[in-house]
Amino acid sequence: MAEAALETVALCKSFGALPVARNIDFRLPVGARHALIGPNGAGKTTFINLVTGRLMPSSGRILLGGADVTSLAPEGRVKRGIGRTFQINALFNRLTVLENVLLAVGERHGVAGDMLRPAGARRAVIAEAYALLERLALADDAGRLVRELPYGRQRLVEIAIALGLEPRVLLLDEPAAGVAAAETGLILDIIENLPSDIAVLIIEHDMDLVFRVAQRITVLVQGAVLVEGSPAEIAADERVQEVYLGKDSHG
Amino acid sequence: MTAAARLPQPPAVRAVLTRHRLRPIEALPWVCAIAVYYAFPDYLALGGQILVMTLFVLSLDLVLGYAGIVTLGHAAFFGTGAYVAGILAVRGWAEPLSGLVAAGAAAGIVGFLTGLVVLRTRGLTLLMVTLVVTQMLQEAANKLGWLTGGADGLQGITIPPVLGLFRFDMFGRTAYLYGLAALFIGWVVARTIVHSPFGRSLTGIRENVTRMQAIGSPVFRRKLAVYVVSAALAGIAGAVLTQTTQFVGLQVLGFEMSAVVIIMLILGGIGRLYGAFIGAPLYMIAQDQLAKDDPANWLFWIGLFLLLVVLFARGGVLGLADRILPRLRKGGDGG
Amino acid sequence: MDSALSTLISIAFHGVAYAMVLYLISVGLSVTMGLMGFVNLAHGAFAMAGGYLALTLMNRAGVPFFAALALAFLIVGLAGAAIERTLYARLYNAPELDQVLFSVALIFMAVASAKFAWGPLALPVPLPDYLRGQVDLAGHPFPTYRSFLILAGGVIVLAVWLGLERTRFGAQIRAAVDNRRMAAAIGVNTSLLFTCTFAFGSGLAALGGALGADILAIDPTYAQSHLVFFLIVVSVGGLGSIRGPFFAALLLGITDTACKYLIPEFGAFFIYAATLAVLMWRPNGLFGRAA
Amino acid sequence: MNPLLAVESITAGYGATIVLEDVSLTLDEGSACAILGRNGVGKTTLMSTIMGQTTLHRGTLGFAGKDITGRPPYQRARGGIGFVPQEREIFPSLTVEENLTVAMRPGVWRLAGVYDFFPRLAERRSNMGNQLSGGEQQMLAIGRALMGNPRLLLMDEPLEGLAPVIVDMLLTSMHRLRREAGLTILLVEQHAERALDLAETALILDRGKIVYDGDSATLLREPERLAALIGVGRAVKRI
């Protein structure tokens, strides 16, 4: 069995009496391309928040590269290789594109707490950040303020920041959300060309994108895993069709 | 290092590589300060106070302008420094430099302890907590009359010559240079921090805390660190004020003190390191000229002015300069 | 034993009277801050304006006590509406720092204007004869004016509660505090609602300032020196709440009175410490909802 | 006859984001239209845009013969658009009765009428808004919209997350609203068959664009096509 980059064991979370994650066993092998789909309120973003540490689970365990990180603070998990993007852009709007990525790369190099040496003297950090922008075709915008970019380009900066962390597990929360249809292609290209050793988990409503990117798909319904399988299996699965077409299983 | 050697240098990269380098214009405040010393010997007392306030505003800029922490209680640290320096001097530890260090350390400790509380809150709660902490200190200073002189202020402070050489004279020459030296050191500290990776990450915290957490930044620790540094600098500013004026009163811990220092920062330009160097002198000189006869009206005009700034001129003097200068230069260098 | 008891009664009595004033002034602040999310530090200026207006009407123009109160309520309320429309409304979505600066500017201008118009000293409070002296209740003598204050405050508090709990306008306000967007979606004109609420809150503050002139003296620094107490009532009570600030005001009024009686050497130190503790324990106040 | 609602090539979203692109639809008085599509395709955004709660980048909105494009939400509500939002958004610090009366505007629907329609609400009239079950909240949300005596009722997934008994009960109510009250209804619904049963026309959105605009009977007759348009299988088949 291939090594798991990310694994959750019997993960549960409740808000008061309301369970939002029920006994989720999930396994993301190294280098996987995996999609998480499900109706609104199925608990997809909750799952991401549990994995990244923004929420603490009620019970269950989270393993990163085999190590238990269940009680680790969010920044500790980033250090262990988790990177994420946000459903709604969460960028440093009044900084330039390059500076946005620099912050992430600087944190990863462990230099961001340094009060003494100038940031501009960290040439390795800057070189790496700029190379990343070149890879994502953002180099021309490197000096522009993020808030001046069109929304679709900002989505790319989201991904660039996450990649600046050199994550082993990359969580993409609706990477194409809010982008005009004409621009989604670029985002898709980027996702398809991600380094093959990164395990990617993508939450997405856009089925074209999901079926083009994912090797495996997990369907989440009401906080629990309904089914997991290959795209073909999911497409053919009766229960999934019911969820999406709303046929009443009991009537 | 090989990657660094191959680093291409388009303008965006060059900007990051060179931003921390000293520019000639950065000598301007210091040249001005020295010039004032020789040109206006009669105004050195005011000049000394301007230098103190500049340091105080500079310390606030770190917290408010860079880290985005909206505090209504920065006077807590200024006042702590002022009282510690005064009390030490009255109780037999009058040597000024060590007094300055002790005051800075005391303010830093107060910053650390209150920061543990303050920085866990936000919005109105944060405003309230900072305000209440300062009120608490002021009330303590008010009621501990045996130690602080209470409402009458702490009197009878005498400071021996700095380094045993420079006596605080009645013209305020030593005081001015002493304040200038303290401000210079404060500026070096603030400038170093602002241009360090730590300083950049503060900007990140101001712009988007959620994202900072998601890139693995220990946000609380960073905020606490800058809060402590800023508190210590404010404390040193307060101590300089005590040592050079040989008096401390309750107003150093007042709401108006906290408010005025924010106003000076807004006036000069927030989050820009040099806003303090413009806002504090401008405010204090205007106050000196306009408030002489009628302090009440001065408050009205500064209020009205602030109102107009908030409604129409965000960014202060430096912000206006940013908007006007490019227009003047237009045609000169189109790049 | 008897003297201890009468001290307790006296503390409770003066504390409650003080609390009424604090509540009248602060309740409008709580509702408007909860409704509009605006950090308004200048609310005390409206109380101060009410105090100056009422006292001047009585002192100079010989307007009767109750008429002066009513006029203060009306005029300051209208002024509040005008200021809300022209100034506050422009900053509803502005950063917190701008709102803080804006309201600090208003405080400064209010303080300076008051000093210019009325001089630096506190105004005398000309009470009508029937509110002077003492009344005897169950063997205890109580100052008549404070008793009246408690009574009047109680009536106004009750009226405000009934207005908010029993009228459609009150329901609209509560709905908008709960969920501004949905309130608009059922046809509530929220910006008009804001203006009305702001005007009413300012009017109540003016009433509180005028009624409480005997306790919180009307001098030019009023808006600044009592700011912290008004904010404590609101933040400890919980933003947007009507009941929260009432209990917070009672707590603050009685504790502060007790401290002044029993441990004057500490001043307001314990009040601040207690506020700090409460905000640490419940950052949204005792009756605030979780953010 | 002029349509009651005319949405003309709108592009809308939240701030700079774009969720809907070039969407048009018209709705005649007394008709009902179901909006279908998977999650995240912009159904809720369409509702919010008609209500005036989103950023409209392009396009116009007409209602009852008037241009309401720039109108604030409260004017649209007063003009006759009732909104039942997805999250129900009951006012928690108001009682059930206050939740209803606060939305009251003159017309045939009054408190007594709503209580007749949903007797359960009458039983819970003095409970606070946050003490209700999901089904009761849904009834209250619909009742609240009715109190405004709307000509058009926007309903965003009114059946989601409810027990089957409640779903049946609410469906019956919705059919009655159409038949007896003659209300015009725009309905977003996950359960395609139910929605198509209620509404005579249907609109299917995919990724912010309209991919089907026609009558619902056609879709009901051709489940294969319906599945292709909203099911998860479509993308695979295309590849």
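A, B, C and D are the chain letters, set down in written order, and residue numbers restart from 1 in every chain.
Operating definition for what follows: a contact is a pair of C-beta atoms (placed from the backbone, for glycine too) under 8 Å apart; a residue touches a chain by one contact, two chains touch by 3 or more.
Quantities reported herein were computed from a predicted structural model and do not represent experimental measurements.
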item: Required steps from chain C to chain D (each step between touching chains, minimum); value: 1
item: Pair joined by more contacting C-beta pairs (A-D or B-C); value: B-C
item: Whole-Å gap separating chain A and chain D, where each centre is the average of the chain's CA atoms; value: 32
item: Separation of mean Cα positions, chain C and chain A [Å, integer]; value: 49
item: Averaged-CA centre spacing for the pair chain D and chain B, given as whole angstrom; value: 56
item: Whole-Å gap between the CA centroids of chain B and chain C; value: 34
item: Pairwise touch network: line, ring, star, complete, or other; value: ring
item: Pairs of chains, among all present, that meet the touch criterion; value: A-B, A-D, B-C, C-D
item: In the complex, chain D residues that touch chain C; value: 51, 53, 72-74, 77-78, 83, 85, 89, 91-94, 98-99, 101-105, 144-145, 148
item: Chain D-facing residues of chain C, complex; value: 168, 171-172, 174-175, 177-179, 181-190
item: Residue numbers on chain A that touch chain D, as the complex places them; value: 37-41, 88, 150-151, 154, 174, 177-181, 184, 204-208, 210-212, 231-232, 234-236, 240-241, 244-248, 250-251
item: Contact footprint of chain B on chain A as seen in their complex; value: 52, 54, 74-79, 83-84, 86, 90-99, 102-104, 106-108, 111-128, 130-131, 139, 142-143, 161, 164-165
item: Of all residues in chain B, those that touch chain C in their complex; value: 64, 70, 72, 117, 121, 123-125, 127-129, 131-133, 135-136, 139-140, 142-143, 255-256, 259, 262-263, 266, 270, 296-304, 306-307, 309-311, 314
